[in-house]
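Chain naming follows the written order as A, B, C, D and E, and within any one chain the residues start at number 1.
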Amino acid sequence: MTADLTLLLPLAVLWPMLLAGLALLPGWGPRMLMLLPLGPLPALAAALFAPRDTPVALPGVLLDGGLDLTATGAIFLGGAAVLWFWAGVYAAVYLRRDGRPAAFALFWNLVLAGNLGVFIAADIVSFYVFFALVSLLAYPLVIHDRQPASMRAGTVYLVLAVTGEVAILVGLMLASFGAGGAIGIEAVRAGLALPSAHPAALPLLIVGFGIKAGLMPLHVWLPVAHPAAPVPASAVLSGAIVKAGIFGMVAFLPLGTPAAVAGNVLTILGFSGLFLAALLAVGQAGAKSVLAYSTVSQMGLVMGVLGVALAAGSAPATVLPAVALFALHHGLAKGALFLGVGLAPLCGRAWRWGLMAVLAVLGLSLAGMPLLAGALVKSAMKDPAGALGAVLIGLSALTTALAMARYLAVLPKAKPRRRPPLLMALPFLALAGAALWLPWLLYADVTGKSPLAADLASKLAEAWPLGLAVLLIAGAVAVGLKPPALPEGDALGPVQRRAAALTAAARAALRAGSRSLRRSRPRKQAVIGEDLDRIEDIFREGAAAAILLLAIAGAVVAASLI
Amino acid sequence: MDLPLSDILSAGHLYALTGAVLVGLGLYAFITQRHPLRQLLAVNVVGAGIFLILGSLGRGPDATDPFPQALVITGIVVAVALTAFGAAMIVRQAETRAAAKPAADDNARGAS
Amino acid sequence: MSPLDLLVAVPLCCMAAALLLGRAARGLILLAAPLMAGLALWLALLPPDAAYLVGQWELPLGILLRADGVARLMILATALVIGAVGLHALVEPPEKPGHAAQAETFWPLVYLLWAGANAGFLTTDLFNLYVTLEMVSLAAVALAAMGSLAAALRYFMIALLGSLAYLLGVALIVARYDTVDVTLLAQLAEPDLATLMALGLMTAGLLIKAALFPMHGWLPPAHAAAPAPASALLSAIAVKLGFVILVRLWFEAFPAITGPAALQVLGGLGAAAVLYGSVQAMRQDRLKALVAYSTVAQVGYLFLAFPLVAGAIDPGDAWAGMTLQAVAHMLAKAAMFLAAGLMLKAAAGERIADLGGLAQAMPLTVTAFGLAAVSLMGLPPSGGFTAKFLLLTAAIEQGAYLYAGVLILGGLLAAVYLFGALAACFAPATTPRTPVTGGLRTAAPLALAGLAIVMGFGGTALVELSAIAAPWAGPALILPEPAP
Amino acid sequence: MMTFAPLALILLPLAAAVVSFALPERLSAWRNAANLGVACVKLVVVTYLLMQAEAGLVFEWRYEFLPGHDFVLRLDPLALLFVTLSVFLWLLTTIYAIAYFDRGPNLPRFFGFFNLCVLAATGVAMSGTAITFFLFYELLTLATWPLVAHKGDEKSLRAGRIYLTYTLAGSVAFLAGILWLQSLVGPIEFATPPDLAGVPALTLTLIFILCIGGLGVKAAIFPFHGWLPEAMAAPAPVSALLHAVAVVKAGAFGIVRMIYDVYGIGTVAELGLGVPLAALASVTILYGSVRALMQSDLKKRLAYSTVSQVSYIVLGASLIGPFAVIGGLVHLVHQGIMKITLFMCAGALANRMGIKAIADLDGAGRQMPVTMAAFSVGALGMIGMPPVAGFISKWYLGIGALQSDAAWVVAVLAGSSLLNAAYFLPLLYRAWLLPPPADRPAIRELATTRDRMLILPAALTALVSLGAGIFASLPFSPLGWATLIAEGGYLR
Amino acid sequence: MTFAFDLILCLMILGTAGIALFVRDALAAIAFFIAFGNLMGLTWLGLDAVNVALAEIAIGAGVTGVLLILARARLLALGDDATCSGTPLWLRLGALAACAGFVVLLAASVLSIPPESGLDRVVAPLMPGLGIENRVTGVLLAFRAYDTLLESFVLLGALVAVWSLAPAGAWPGRPADPGMTDAPMRRVAGTFGQLLLPVALVMAAYLVWAGSDLPGGAFQAGTVLAGGLLVAAMGGTIGLPSSDRPLLRAALVLGPAVFLAIGLAGIAAGGLLVYPEGMAKALIVIIEYTLFLSIGVTLALLVAGPPVPDASHPNPEGKG
């Protein structure tokens, strides 16, 4: 029986691939769009029922790879499956008039397969394959509507994704080598902890996963790419795909062995991202951009905590459950928030108020409003985050709340008298519900603590930054203060312009160089040619032959006499 | 009348030396002469010199070796055969040139 | 009955018959070609000690004919080349248009050349070699004169000079040793002035005949101007006789008195010839001049081999390399000239640039040219490659890196100019082509080039053949008992 | 009887060549049939041989072509790897070429030389001695030249000339090298590596440089790569063949033979020759990629990509570590499959829609989706994107480099991957995402048999390159075979 | 003959040779060359080599001289006087140095070889087997008959080569008329020719016959015959035949062919050119007679030169 259930793992990835293949069949595109929700179901089943830590070997595939579901992976997998499912339902409606349903279905399912695969890969090669799948094939989703902004976003996304891929590949190679050529993830992670590990391995992995997860200076793709995609795609991008990067860190960071440098750097970058990104979010004009920056911020929190744990050498067991839980909550909540953006134009009047209410609750949850799921997962994070980290997490409620307020403020205006279709509202509500409920449900299982054990009063007291935020927002609204307008992707624009100028200069220099090389060839051939002709004319004379004859005869004689 | 030279230089050697000088003379003429007919003549002189060396060095005190004599006769016949061919070629070349020249002159005149 | 005499007698009979038959003599080649090929094959299969005293007169006086490996290979190649060229000339008139005299005299001259070459390859008698040399020279000059009289006259004069130098050397040898037989001289020779002088003179004279740089001046104009079948015979056979006689002199008659320095003189000239001939060939814009200069370069290899043969501990490889180079060049160059003749005729021009479109119009002829080029360049699989390979091996084994370098460089240069010509055939045609193809016309060059290639597959057999009665292989020839 | 199996692999294409040369154009159907038939028969023979080889049998055919120098055809696992690759790809390329040319001029010539190329490539693979190798290596040069110059226009002739200049210079260097070595240690048999103990290190180094330099020309190692982009003037099937199987591979294959079967790992390491060669290969990888980036012609870009990719094989061979060897060997196959996909697609694009410049690619994906899908798979594989086969090669190379204490190579691999992405992804972008120009007529991609023959081979190789990646650890996968070779021969 | 005679003869030879080589006028040069040839003949007599002396005078001086005169005359008619042309001084000096050095070396080599008739000892005991007396003939037609056989074909080949030079439209045809342009002279020559031809025939036949035992032989005799034929042709007594006359061809080929046939017949007796015991003399005589006939005709035609276009059909390439 167990054996049968382990087969859910390969099924979890093969099933979406099969669906993707079906999308290739001529004329099946629209049909496959309707079937999008089917994709993550085996994964959901696997997350629920598949045995933990029971590897499934897949002989002959890749480098004899395998799949394995860890406890942490199961949370990621389950969360992702739920998000993908509801986003799929949403997409089936949202995109029903889309011009390229087949392409969307194809890549949706492929990315889904990759995303799920990342969480259950047992060896680094499979992991890398799935990671590349989710990373690169998300590109078509980003540019699905082919708007110029989307295309630009897609290019940025692709450049950073490929860079990240390469960093991860090299990092994995170094790590695998350090582990004696092993390819099992556990073994590789253990190898990274060894003193003999290559010093570049860990930084490269952090950079690679950091790009995917939006680590602060590498996050630039995220705020441009997430808003560019269609709403359901944005939801999964921000909610699930980003988690692939987080999961990469979860899987490979050698927790339990202090790694001061890497850990501290990751801490600093993560926490600075937590605050900076949130502040940048406040400056955004589009709701999706705000959410994207918010994702960067939230992921910064996770990575900051991971950094602290890494530097301190905390045992994985003390960190990973909290991270998983946090990721679960964030993924579902962020998914719901994105779907909300798509719903907003469709909700007139009462519907809008309802929508706003749910969104506000979600926002507050993200910010860490006590009693909501967000506060729960944040409190779980505070343990491994260390003293300073805990303070920072607490403070982040302020910035997050500001960002969420901004989100609500810039939410698209509704057209009058519209009511959302059921199949779009339902996913939204379901996700919101799951985001608020699932952490409560799983908290005890995962962390081994009761969610209600903590003192409520102290929690409320810790929520002062949130209160401050409410005051600030109220004040700002009262005075009519407007946040500064910041471009999507902050530093991206200037960097791109500089790069373009540099490339042009290099091209010009190269061209000039090659031209000067080509010019300086002397033309002496003709002169030599004439000389050769003259020599040949001499040889043709009988007199020359006679003299040469004497000379050669003499030479032979002389040479023989030597 | 016997010159003292005869003590150190037998008749055979004397003719052989003459042959050697003839070869040298002929070669010199071959190099410095331009006209093919004169070169042909020079070659014949060289040949005669060679035959002379060949024959005279077979001149023993009592008899002359028949072997080199036979070779010389063969050589003379080959030489005359080649000379005839050479002379014919020289004449033919002159004829061809002479035939080509008036035509060229005509062309030149026509052009001017 | 022995092929040793028939190989000379049959072409002489053919020459006489050709004179008697007049214009009908053309068809004689149909009989002569297979007959001679058969005889040559018979010769090749004779026991290793096959030898023959003409008229059964004993040695110091008589003339010894002997079939060593070099002779066997050269005669076989000669039979193939003349046979093919003759069959080709049967359908492709060798004369200038309108020259009926050339059409008729071509055949007796070819047979004279054939007899002379065969006689020269077989004999060990230096004076007899002189006569054969003149037979070949006479026929060669006359054939060359069918193209350009001026070039032929120059050739004639220079060749005459060479003959005389050789004859002078022979005269000194006769006087000094009372014999002109190579096998006897091998035992008698002493390094005194007269002998060295004789060797020097004969060598210099023969180098003219073999057209080794810097005595090659006569060759390019004569070979380039002659009608294609004549050029083929000249380049393939006429120059080889001088080479074979030099081999007899340096390795059979006088190996004891030729010092390494003297060998280096020849080797150095050979190397210079390879480079000079190649460079000149590259500069030609007329196809046949290019092919003619290629002969200058190819001849260089033959002499470059001299120090390699002499310097080798086991000279078998270098010897075979030298011999096979001569054979491969015969086949390939004859094929190339025949093909070039057809190509130029079709192109109605003589420049390389006129060849455009021929690869399409007459692919088989261009193939023949290409295969011949492969052998000349020394690319595998071909006789040229086998030869160069053996020489290169020998050069490297002896540490003669200069020669090795020249061997390599020469192949490259050959590739440059020959592929240049070949590539021109692939260019689009500027004017419509009237291909000259069909039957024996194309088959002859193709067969010769094919043979040059096939040689590359029979390396071992050819090496063994070349080693038969070779001077380095063991004791001198055991003379046959005279008839009682 | 099976001793003649290697010979049969040589004679079969020879027969096809003769038939192709001999049959006049109006009998082109017969010629096509003969070509395909022979290719299929060869595939059968090779399959049989593979099964035999799995059982450990090694076939050998020997003939003394010069005294002391044997002509040896030997089918060891390494040979079989290359033979299998060439035979398989040749079948596809033949199908492709038949469709590509349809009724062009000079086809008897083309197919004749085409088959001679197979012959030579197969021979290169099966060569058991250095001299045999050289023979086929040179034959390959010659047989390829008419193909490169096939079109006969100014550009093709120039390309042919440059091609010859490079390759002939290379092969004489190689010849000089092996002859030098032979003069010191006697005939070189790959099966029994020569004893180099008595040879001075400097001499060995010089010989190594000569040989690798000579082979490096065909393998297009910087700075000997100049001919390859020029050779793009040739028709697409030729480019496909040159790049994927025949010419560049022969060079790379030769380098593998030199390092492992002539010098031996120990000697190369002792002489310190591996690292400089690896460095040169690395330079080539990066240089080729950078140059590819600068090209505006599709085939030229692919050509520079080949320059870069083939050096992976050399890199693997020169790193001298178990994983690196496997990586190099497996890339020999993977690169072949992927590159032939790319070239066949490029040819199909040019043939069907006249697309030559990269700028013309706009919208090609919409008009020829199957072709472009295959192209995309090939391109992603080149980048090293899993699960396409190229990734497996890179993986092994990377680990191998680390095993050999050459971590810098990993940086090279990374840089190259980035550059590959930089020059391939824009192509995909254009083809899939930009609209086709308005004046380009719409076509039906797979309308006729000829269209299918033109496009489906590429689709098949694309699938194979996917399969080779996904199922890399199956015993008969390229990786499995390369591992077998490495374990059997080089990792003792 | 004394040494002084030898010395003077040698000096005269060198003198005439020098004049022949370097005199400006071509006719004078040829005249001195003929004189030089005759002096050479004397030398050969002095060396006791009568056979060679005959050959030298008849062929070396006679035929070659006539050849050169005829060629010079034809060149003159074309406006080419074949005079010495000036060559640069440096070339002369260089050539002089080279030739002088060469002569010194050659002289030293020559002097290092003692003159002796080494092979005479080998030849002498073999002569009785042949049945003839003249050792030179023995060498020519027995011991080294192979050389002579080939040589006879060389001569034939030379004629073929000369014929191959015939201009377009001249084939088949007659050689240019060597006849005297001056009518009285022509008549003299004609009369002389009528007389000389039979005399020459008889004399030649004798020379051949004598050749077996006394000095003489086919070549010398052939030359005499050629001389007679030429003089007769000059006088118009006989016309030179057209090159395609079967009889002419037969006459040309006869000697070499018979020689070759006898040589091949020798294969039956043991090998090429083996004369069966006792038949040597007879065979040699047969060879000599046929050869003499062919040589005579060949030499005469060689001197006459290639066929020219028929006067009745003017040819643009003909003589001007």
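Following the convention adopted for this analysis, a residue touches a chain if its C-beta (ideal position, glycine included) is under 8 Å from a C-beta of that chain, and two chains touch if they have at least 3 such contacts.
Nothing here was measured: the structure is a model prediction, and the numbers come from that model.
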Completion exercise
Touch-connected sets, subunit D omitted, are one piece
Fill in the blank from the handout: Output for shared partners of subunit A and subunit B reads C, E
Handout entry: If a chain touches subunit A and subunit E alike, it appears here
Key = B, C
Problem - Reference subunit C; chain at largest CA-centroid distance - result: A
Problem - Taking each chain's C-alpha mean as its centre, the one farthest from subunit D - result: E
Fill in the blank from the handout: Two candidates, B-C and B-E; the one with more touching C-beta pairs is B-E
Completion exercise
Reported most central chain by Cα centroids is D
Completion exercise
Taking each chain's centre as the mean of its CA atoms, subunit A sits from subunit D at a distance in Å of 37
Fill in the blank from the handout: CA centroids of subunit C and subunit E: separation to the nearest Å works out as 30
Exercise for the section: Let me have the rounded angstrom distance from the C-alpha centre of subunit D over to the C-alpha centre of subunit E, please. Expected result: 72
Problem - Where subunit C and subunit D are represented by their mean Cα positions, the distance between them in whole Å - result: 42
Completion exercise
For subunit A, residue numbers touching 2 or more other chains are 542-543, 546-547, 550, 553-554, 557
Problem - Touching two or more other chains - residue numbers and ranges from subunit E - result: 91, 95, 98-99, 102, 105-106, 110, 113, 115, 118-119, 123, 139, 144, 147, 151, 154, 157-158, 161, 165, 167, 306
Completion exercise
Listed by label, touching pairs are A-B, A-C, A-D, A-E, B-C, B-E, C-D, C-E
Fill in the blank from the handout: Listed in rising order, the residues of subunit C that touch subunit A in the complex are 154, 157-158, 161-162, 165, 191, 193, 196-197, 199-201, 203-205, 207-208, 214-218, 220-221, 257-259, 261-266, 269, 279-280, 283
Practice task
Using the touch rule from the top, collect the residues of subunit A that touch subunit B in their complex.
Solution key: 542-543, 546-547, 550
Handout entry: Parts of subunit B lying in touch with subunit E, wherever the complex brings them together
Key = 1-3, 5-6, 9-29, 31-35, 37-38, 40-42, 44-45, 48, 51-53, 55-74, 76-85, 87-92, 94-96, 98-99, 102
Problem - For the subunit C and subunit B complex, residues of the former touching the latter - result: 61, 127, 130-131, 134, 138, 141-142, 145, 149-150, 152-153, 156-157, 160-161, 163-164, 167-168, 170-172, 174-175, 178
Handout entry: Footprint of subunit D on subunit A - complex, ascending
Key = 59-65, 125, 128-129, 132-133, 136, 143, 146, 151, 155, 158, 162-163, 165-167, 169-170, 173-174, 176-177, 181, 198, 200, 510
